[in-house]
Amino acid sequence: MGFSTIVYILLLLPLLGGLTNGLFGKHLPKQFSGALGTGVIFSAFLCVLMLFNHVNEPVQIDLCNILRFDSFSLEINFLIDQLSVWMSLIITGIGTLIHLFSMGYMKEDEGYYKFFTYLNLFIFAMLILVLGGNYFVLFFGWEGVGICSFLLIGFHYSDPVKGISNSLAARKAFVMNRIGDAGLIFALFMLLSTFGTLNFVDISERLSEGVSMHHLTVLGITLCLFLAATGKSAQIPLFTWLPDAMAGPTPVSALIHAATMVTAGIYLVARSNFLFELAPLTQDIVLYIGIATSLFAAFMALRQNDIKKVLAYSTVSQLGLMVVALGLGAYTVAIFHVTTHAFFKALLFLGSGSVIHGMHHEQDIRKMGGLKKVMPITHWTFLIGTLAISGFPLLSGFYSKDEIIGHLFDQNPVLYGVIMVSVLMTAIYMFRLYFLTFHGTFRGTQSTWEHVHESPWTMTLPLVILSVFSALGGLLNLPGLFFHEGAHWLSGYLHGAPGMHNIVHETPNFSTTLGLMAVASALSIGVLAWAYQNYVRRGSVAKSDEALNGWEKLSNRKLYWDEWYDWMVVKPIEWLGFQTNHTVEERGLKSGISGLGMLTGKAGNALRKLQNGYVSSYLSWMVIGMILLVVFYLLNGN
Amino acid sequence: MELILLPLLFGIVSFFIPGRWGRISSLLFAAISLVAVTVKLFYFQPDVKEYFVNNTGTYVLGMTFNMAIDGLGILMLGLSNLVIFLVALSNFNREEASKPSFNGLLFLMQFGLNGVFAAEDGILFYMFWELTLIPVFLMLYWYGAKENHKNLLTFFLYTLFGSLFMLLAILAWGAYTPSYDYNKLMYAAVPSQYVCWIFTGFLLAFAVKIPLFPFHTWQPPTYSTAPMAGTMLLSAIMLKMALFGMIKWMIPLSYSALKFWQLPVIILGIIGILYGAVIALRENNMRKVFAFASISHLGLIAAGIMIFSFDALMGSIIQMVNHSLIAVGLFLCADIATNRFGTSDLQQMGGLAKVAPRFGFWFAVTVLIALSVPLTAGFIGEFLLIKAVFEYQAVFGILAALTLVLGAVYMIRAYQMSSMGAPKITNVADLHWNEMLVLALVAVLAVFLGLYPNGIISLVKPSIQHMLENVQDTTNLIK
Amino acid sequence: MDAVVVIFVTGLISLFLGMYHKPMLALTSNLLGLSTAFTLFFLYGTYNSVLKSHFFSLVYDGSGVLLSLLSIVMTALVLIMGYNSQSKDRSNYADLTSLMMFSLTGALCLIGFRDFFMFFIGLEILSIPVYVLVGSRRGNQASAEAALKYFFTGSFATAILLFGIALVFGATGSFNINEIGFAILSGLYTPELMIPGALMILAALLFKVGAFPFHFWTADVYEGSSKPVLAYMSTTVKIAGLFALVQLMGLIFGNLKGNWEMVLYVVIIVTLFLGYLSAIQQKSMKRLLAYSGISNTGIALLSIMSGADHGSRNIVIFLLAYGASALVLLVVAQFAQDEENDLEELKGIGYRYPFLGIALLIALLSLSGIPPFSGFFGKLLLIQDVLVNHPVLSICAVLSSVIGAYVYIKLLLHFFHKESTLKDVRLNVASIIVITVASLLLIGGWLILYI
Amino acid sequence: MPTSTPINIDFYIILATLLFVIGAFGVMIRRNMIVLLMCIELMLNAVNLLMVAFSSYYNNADAQIFVFFIIVVAAAEATVGLSILILAYRQLRSIDISIFNKLKG
């Protein structure tokens, strides 16, 4: 079987799964829909594994040509290289687990088949995004995941209570993403006019051949690309949609808003490494945006009380870290963190989903507590996830985060200090979340407590598998500290992707690495100890909204970021819309037109007054007219 | 020739077909002409101009009655017949379809439209152009909202105002040739100081019809009081006459008028994009939202055409076709929503997708097509257009691209307010089969053209290239 | 010439037939006479030949023949229409028809004039019977007032005309058009007499066709007269007057040195707008037609800007279209009971009676200048010729057409309203004939261009 | 210019013009309809005077023939005018022209 066949099968599987469910799902039994949805993704995963085994050199598979002009053409082709295959592995792998989880989680939902349709279509779009061989195809997938994300966030759009807010959240996500998309479109235009092609391979080859580009062009292209990335990957200034997107069902949050879709921005930048390398200014911007996002999001997560919101801000913060890596030019490291983050964040989200499922859709951690007794599997897996994200030594997050921090330290120790604050806060809010949920006493109502239960195997199995990966994922890219053979396996692997091999990074030296690791471990363990002391021993609980003090309120209200946007962007635009309609359109243009009409009517009436009915007046007019004729005739006659 | 005359026959016959048979006969007639044009399209040789009537020589008044179709012409003919079919189909379960006068006017409209797209003579073009106005005007009057006299008068006078200047332009143009035949006009030796004026005359007519900011004020009230079929006809095909006219009749003049008019019109187009979009953001009347959206979309197309480059024209043509499709789809959905809720106020709507899931689905599909997501024709069209505008002037391109964002806001807003949230009504009829068929056809065609725009491009490429080469020749001649 | 005599004799016969109080008889004899005249014109006059009288200076060139034919047809239609309107009291129908015949004789003389004798005689024979016709509604104050106004203003205009003719004679020593034309071309005239004279003749003719500032009589007179008389005035009288004006300007005065353009610009532009602006608020069909007639005159006056040959050719279709539309509107207005505020009563008539509806649609669209009706081609021809040399005028014509369209389309909407308070109307043969013929003229009349 | 005429043609023209203007003013400012008719006659006679003067000036009899035409037409006009006047008088019992202003606007 050739590469192309595998790729087509790989792409068709989720599409067919989605279509089958979409068209006939209403008439199929629930188990079948779910199994079908999960099955196709698992098969796709197997396909990717086959690719993974064979991929060597980047292979471009041409499918067809959509638009052919003299100056340029738009093609549909796919690029099979290490980067795309690795991303596909994450997507299909995590995707399979989340599909499996959804079979249990969505059991009672009436839109069961629809949910699997959307999920499958999402996987399809995401695969198109990562497998696309040029920016055009990438854009197809890019928009596709946006639409699926919209549909899934607004999945419960008709809920009597939350319907409106769900649909508003979906709208917000779509619009914010659309701003980024506009950036991507512009990048496409500029790339087309600069290179005449959008193929990754061609562009990277042209660049490595040393095609000269104006530095402003590169700056423009990379900034536009990064704008797109900020939209999709929820970076400042476009991050506010992600917390709201938690309105979607939890598996969606796990799959789309943690593991896969939000990393599309990271993928885009990593994919365009050859361009970003030429634009140091953009790289700096990327770096600072990443740091800012990571820091602010971590701060906002400190006092969130919705279990999913905490995770959402944590996702934003972690994405910020990845962006930092991108800004440092450490693309493989970013992808490494994407991988480990996919494991532990999916795990955490699914864990929270399991909790929510067990708690009958209660998401407020102030009404939880002590769940470790009733939900042991969830508890243990969640703990592993928490430790992984907090950078507990030897778990996956520890390695990937450390690598980023190490690179940052190399370049700029001051920023290292800043980012350590973010890392510290990450540990704090994660342990707070963990302890408030699973330890202490139950703070909900008695009737809820009686119904809290461990989730079925379809839900716990993915948790277990993911916890294994979260724990051991670090092995993929072990620092050279421990082995020399097989160290940095993932980075080495990804070097096969176009442009990557040109990027040489010095790995930090032995002692620095060790020192940084020690600091990180100390932080993590220290916070763990403090949190245990605070929440278990002293039994602190989350405060109610009213009791929050200054900084807590800031964190809880996300620095009033939404309000700022409302005040600075939304309100002015709405005002503009209203004024345009009211003042310009109605009062100005339209009344101008009707004024003309009225004027003609008035003029007519005035003229009619001349027609007064007296013959003598008519005769006088005739005489006056004749005199006028003579006057006009003589005016400049001779 | 049958493509032109069949609708006339159908129109006259329809006036005499009683109500019971009216709906079936109108659908049948529309289908026949659609099939006829499809067959023609299938065997069409894009690089040869096919004459229906070809008089050479000079005639009284200089009128030759010549008619011909090239690639662009057959595309527009196909589009008009398709839109008429879709209108007939979407009206199938409505009361209007059983009215002889309604069906008759519909086909007379088609006759006029087909004539406009095939006219190869200036005066004939103008005659067909005005001929389309009457049926739609009467349709709006008889089947539209009760108290719409004022809007109707504004609409009629405004468009007449514009088109009379086009007539003056055609007459002035023809003063330099023995006849008004298109080929003769194309090579007319008009003194260059007059070219600009002639161009202006055409522009005025087209600007009102499109409508280009600030000539658009007739449009939103007309759309919101018109019957569904009238709105569809107006937005889906009548204003395409203007865009078609811009391409066919303004390109030959562009050689010396462009340097004066290009920038202003493009700026007006860009203003239109933003203006329509910004108003649509806050508008609560669903039909008006789509009306302003239409202004926004068309501003981009007009700006693209005014660039007069091959790529931009291709983008405009694709987007024209696409806009016809989405106009049919959107106004059908708006009409259905308005019917079900008994109001077109978005704030009083909600949750329709829950109680009418098929509507919810197809409305969503239509909205996505209107947002020109990839895989639809709109994406290709907007891509080419914004690219062309961007390359013309980067700032304009960036402003034009705001339509991507703002479009998402108002479209999704309309969808979200009408179809999402808790249902505000229960027990409503879901889509009727014919409505579903219309929306499905729209979706299928939009996706097909999104995947295979080369079809349109290869069809119109020879004629557009021919025109542009002529302009190039003339420009060189002047230099 | 034979035709003119035939019509005159027909008029005399009707005068005698008046004794028998048999309207049908009068109608038949008149139609017979008219058709004979029509045939004579048709046989001896083709578009490109010149039909010359031996005794008087009557010359009918191509357009003259066409316009004579048109006047004859229009008069016939007016007669049929009048037959219908007099259904209650037809006792004086034959007298009225004979007056109309005499007037038509004058119109034909005016169309073919080649010297000022014929011009003056034609104009007076055209006008004097119309004074009587206007006052022919018995016991009606409005009618008497209208006749009075028409008579005094008309006589005044005649006096001005005569003074002008005398001055022109004084300037050149001849009444013959060709001789005067030659004198003007070769500069052998006294300008101090010529120019006032020419302007006075122009003023008198502008009065006849109802152009600014000599238009004031039209609205009042039209309102006071009966609908057939109104129809006659807005068809035949207007045709003859306008054609005489075009001939006069084209053949002789157009060549006068001086600032003619300025004078005509002012007259035409004001006339173009004044009529439609005043027409907007009218409640009665007669007054509305009077005012819209003023603006239509303005457009027809464009023909005097384009020289004799073109001018007279261009005006044919336009006058045909205008006359036919006016006929349709007036026949429809006859269905109203109330003579004065008839428009309100006629609301929705076009929707209730599709036959009338189609005719009204055609008539009003033709008046608005919408293709493919004759009105469009008429305007097209007129504007086409002046466009290059007088762009300002053509733009003004277009703008006034928009205001006109406002008037007409509002009327159209009114007629096509779905709800109507109209009492049942009975379509009679006479009105059906008139409407059908007029509609056919509106649809296909422009094809005479291709003959 | 023939010198045999004792009086210059200009005086005739001026006289005729004066008569004409007097007549015209009479038509414009008088309200009695009989007087109006007479004023119109005055205007026509001014024309006749002018015609005859020119006729003799040019030695051309055409203008004198024209004068006969004018006289005949004036008679016909006067007949019609008087009958219309009677018609109007029957309605309002007045020959004041300014009463007749019902038609306007």
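Here the chain labels run A, B, C and D in written order, and each chain numbers its own residues starting at 1.
Note that contacts are C-beta pairs under 8 Å (C-beta built on N, C-alpha and C of every residue); 3 or more make two chains touch, one makes a residue touch a chain.
Remember, predicted model here, so these are calculated numbers, not experimental data.
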Kindly work out which chain lies most centrally, taking the average of its C-alpha atoms as its position.
B
Comparing the two chain pairs, does A-D have more C-beta contacts than C-D, or is it the other way round?
C-D
Just the number, please: Cα centre separation of chain C and chain D in whole Å.
26
State, to the nearest whole Å, the distance from the C-alpha centre of chain A to the C-alpha centre of chain D.
97
Centroid distance [mean C-alpha coordinates] between chain D and chain B, Å:
66
Dist(centroid_CA(chain B), centroid_CA(chain C)) in Å evaluates to 42
What are the residues of chain C that contact at least two other chains?
148-149, 152, 156, 219-220, 406
Touching two or more other chains - residues of chain A
597, 608, 611, 613, 615, 619
Chain D: positions in contact with at least two other chains
24, 27, 97, 100-105
Sort out which chains touch which and give me every pair.
A-B, A-C, A-D, B-C, C-D
Residue positions on chain A within touch of chain C in the complex are 597, 600-601, 603-605, 607-608, 610-611, 613, 615, 617-619, 621-622, 624-626, 628-630, 632-638
Using the touch definition up top, name the residues of chain B that touch chain A in the complex.
150, 154, 158, 214, 216-218, 220, 275, 278-283, 310-311, 314, 350-351, 353-354, 364, 368, 373-375, 380, 383-384, 386-387, 390-391, 397-398, 401-402, 404-405, 408-409, 412-413, 416, 419-423, 451-454, 457
For chain C, which residues are in contact with chain D within the complex?
116-117, 120-121, 124, 128, 131-132, 135, 139, 141-142, 144-149, 151-152, 155-156, 158-159, 162-163, 165-167, 169-170, 173-175, 193, 219-220, 223-224, 287
Can you check the complex and tell me which residues of chain D touch chain C?
9, 13, 16, 20, 23-24, 27, 33, 36, 40, 43-44, 46-47, 50-51, 53-54, 57-58, 60, 62-63, 65-66, 69-70, 73, 76-77, 80-81, 83-85, 87-88, 90-92, 97, 100-105
Residue ranges of chain C touching chain B (in the complex, touch as defined):
351, 361, 365, 368-372, 376-377, 380-381, 383-384, 387-388, 391, 394-395, 398, 401-402, 405-406, 409-410, 413, 416, 418, 449-450
